[in-house]
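As written, the chains take the letters A, B, C and D, and residue 1 is the first residue of each chain.
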């Protein structure tokens, strides 16, 4: 970490400030006095140093981190890709994983029928909402525990691991049979929830928040990992911008950036990113081309009658056609990367 | 609610669709067949209707709400300002309330000394963080329950009501002596927490999320209110934009918009909105001029040594000068409004 | 166009308002009186009607366009893809076009050598900046007319059509030998320039503005087309968001949306979208997978010594490797689309 | 300017790089070798150095400007407020200036009648659009030269200086009788226009672009000033964010920030910032409280029949009431600032 002092800072002020830093953060200070300004290099474990508390000193011109503030999620300290095994299916190992299912679990018949069809199309993991975060308190809130039971039934019947969203640390006990616990975009910085999930050993699918940066997303992964659970899957699901044509704007750049900065697997959710069924195919193809390890896609047998988010779901037939294309493009991308790099 | 059907929709399709709406939502349907398109008016309680589930029908061109989706927070159904009494101090009653104190409670000495000085300057309510949401798991997380105890001591000693942030519904039991429970920006759509706070009778200071709309903020207030607790105070604290000079961009328009759409009191947090001490005065003045009922301001006796967010705190002396100005401008605004409207 | 009147609007007010609309815009009005509100359908040529001027009437609740406000750029009225021939190379015809070259033309040697190498790698069109829009008046402003001359030399020597940016209608006369005139993001709503370009017959590469919507981009294309020049190529180059890791955020969704709403060719500029060389490959692959007709990429033989934007340029060697991958993926996408749709 | 080199950079690489910098930019280099990284201080005139071209060097970790890249607009080099005299009325001198008038000049009767009424209410400067930038080529484009003539008539008749927008450098000759030339948000980075305006001696009202930063706005002012015209008035008119309730989001913080960083006068346009008539009063009050030197407000005698932007105009009666309030609050703010600072 480098601290640039304002021009005009005296040697005495510099020394006093350095003393404070040494005591407070147990770091060594290397001072370089230049013509324009004095620069301090802080050497040691700086990840707990709050940039803002340094900026509060009147003599500080600027603070610049040289090292990323995340460690466990950082590829620098863990060069190999993390591969997460979910019921025999690998996320992050170079094989494209499709996660599919309805926005909300609505009935036994619905979840089983969708699960059957998406499995046939090549999806290895079943998604389905039981606890549903809804903007309105008057909207359908999901079947909650009842939904988890139906998901578990579908899991048993189809031998598909399941992923579903958690909305409160109080519900962790209900998620025993869930294979991947999803943290939704609205809870990405619900730090108390992240800490509790860090004490479990379940893979966590962490969705990027509505308007969170790539670094903040990695810091939220770090919350889970530093509490003991290193099985985190990052998920890009679109960010909030001024554009109103789509519900969110898919930040496809996040895929290669997450892969470069971190060793964690990355999946993309084109359904929430766009909110428009006919965009799901091109966005899914783009995500795979950009290097995504998997996709999580909303599929509903009867979108107009879906109890939630029907407008962004595709049908099982559309998913089948899409899955075929995605596996072909995934293979082409693998080939291209192997031959050329 | 008005649903515009695509041109080319047949009478039979219209009738089928209307039937579905009638059954599913218990609404009456008024059909207007125009040259360009057919328009359906949905009459009844439409607040639970999900716009997206209507958009999922292939024959739907557009859906337009005529009524706001929030009811309890809506000024239309509650024309008078809600006035919330906090230990004898009124929020929303036309009197400017200053809420001040440190970002984090750090020690008995610190909180008592800051409380004394801000009280002397005219702040009626003491703020102080005990549970701290931090982007990094390695940053100071607050004194937690210990911090609540110190706040309670300060409350008793200075006879000032206190406001502090909650981060999990599991902690509600610790907040018995807290006068106003704050929901931070990152938890604004932590719906399970909102529901639980709706079952308490404490005033809730609800901060607008990083990138949440005005309507979404009112829907989160509605979560609390529809669960039984109508004592909600709205808080504008800056939103995330592309501008990097300030930490966030204060959306001062939110103040008059909240006051127009809702009857709830509105406070502004200039400290988080800007992150820069010298902006706190002009932004506070602007907020009062725009109609804010109160301000919540970070004050620290020794900003460079604050354990959190020191860079955006002002000193007790600066707060004293600011408070004087704010009361004068508040009076001027009241006078102007009375004489001219 | 549909106008929803406020509830409580009288029949007389409705009639008066309808009269105004009929006279002012030469449209027919179809009135549908519903229980909740009256809805007017405006039939005729509504593209010149300003939504805001309708909203100014106190009785208007909402205005909703049923037809897009652009006509010439609209796929509805021109279902087939527009194919633009540039020196024998087709943009929009299903064949991937690579446009490559330096940010700024710096010298004869530089432009010829880069042109040679990108041509060898498969780029058919040469880019190079002569007039450079720079945030700072003190930064290198391009070689201007001298740059155009060097580009023309390179064009002659290598038989490659050239594309370069225009910054003022006053310069059109200098662009006689230029094959495609580029309108930069900062001039996307320089309407006087667009009108003048509409009077030429040169293909125009229109870059989406920093924070312009997809619809606004199409309206700017409409400015050019309605003035007589229908040879417009749309270009997505990243939009401004809160994310600071990349210079801009590539909105890859814009590609399929432009292709759906419009018949115009679409190219993507991954260099400006990201500002980071190692992102150019994954973003280019994503753009092709999402359906882009071409890519425009900055290539510099010596990025650190580039006079402008060196930080985002790739080397000729990197471009060669990238071009190979892009043609392979483009073929794979074509195959997939043909076999599956 | 400070350049931080990557750890692992050799002494030889450092020396080579320093040599390049010295030759290319005529700067002195002060090298500080620390434990973590080497830091170079560039001493001399660094405002023309492009940060990106430094970032292109593989050994560069980060570049940090210590001095702002604008000089003429910088308060550091011009501590006193610039006061611009417009027909005897001072902008920037501590006196609140109201600029008012219709969005578009429509007829002699209209402009004279509005001018008379706003003058009576205390507006010293008349605004009115002649050349109108419209998103759609089919929308009313202003009366253009005819509009300028009507404005000039109003100016003569009412002895009010006039401000109106320019859209092309080709039109400068028509602006002889115009007192302040406005550069609209969409042309804020039309650098060729800025350069030409820099060669005139007219005061320029420079509107911040849709999504431009505060620094970029100052750099555009610098374009005008470095070409010889130092009479620039900065204008905050709302920025583009994700919020859809208002047309734009007024960034009220920009007012004190512009005043701190620059010596130029600052006015606020609440009409375009909000697009909603009932927000104009609270936003105007907020702008004055935050330190604005003036306001530019759209007033129309018959908003529903305005040919442009009627929805955001207020009536002369509303303007009269508003002006009274603004002068009172402006006085109160002045008093408060004088007594307390």
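By our rule, a contact is a pair of C-beta atoms (placed from the backbone, for glycine too) under 8 Å apart; a residue touches a chain by one contact, two chains touch by 3 or more.
If you're wondering where the values come from, they're calculated on a predicted model, not measured in any experiment.
Colleague: So which chain is farthest from chain B, going by the mean of the CA atoms in each chain?
Modeller: Comparing chain centres, C lies farthest from chain B.
Colleague: Measuring from the mean C-alpha position of chain C to the mean C-alpha position of chain D, what distance in angstrom results?
Modeller: Chain centres of chain C and chain D, defined by C-alpha means, are spaced 27 Å apart.
Colleague: When the centre of a chain is set as the mean of its C-alpha atoms, what distance in Å lies between chain B and chain C?
Modeller: The answer is 39 Å.
Colleague: Provide the C-alpha centroid distance between chain A and chain C, rounded to the nearest whole angstrom.
Modeller: 31
Colleague: Return the residues of chain C touching two or more other chains; collapse runs of consecutive numbers into ranges.
Modeller: 211, 240-242, 244
Colleague: Which word fits how the chains touch one another: line, ring, star, complete or other?
Modeller: Topology of the interface graph: complete, with all chain pairs in contact.
Colleague: Along chain C, where are the residues that touch chain D in the complex?
Modeller: Residue list for chain C touching chain D: 20, 47-48, 50, 52-53, 55-58, 69-70, 133-140, 167-170, 186-187, 189-193, 195, 209-212, 216, 219, 222-223, 226-227, 240, 275, 303-313.
Colleague: Residue numbers of chain C touching chain A in their complex, please.
Modeller: Chain C reaches chain A through residues 211, 213-215, 239, 241-246, 249-253, 255-257, 260, 273-274, 278-279, 282-283, 285-291, 321, 324-325, 328-329, 332-333, 335-337, 340-341.
Colleague: Which stretch or stretches of chain D touch chain A in the complex?
Modeller: The touching residues are 2, 4, 7, 28, 30, 32-37, 39, 41, 43, 61-62, 64, 66, 211, 240-242, 244.
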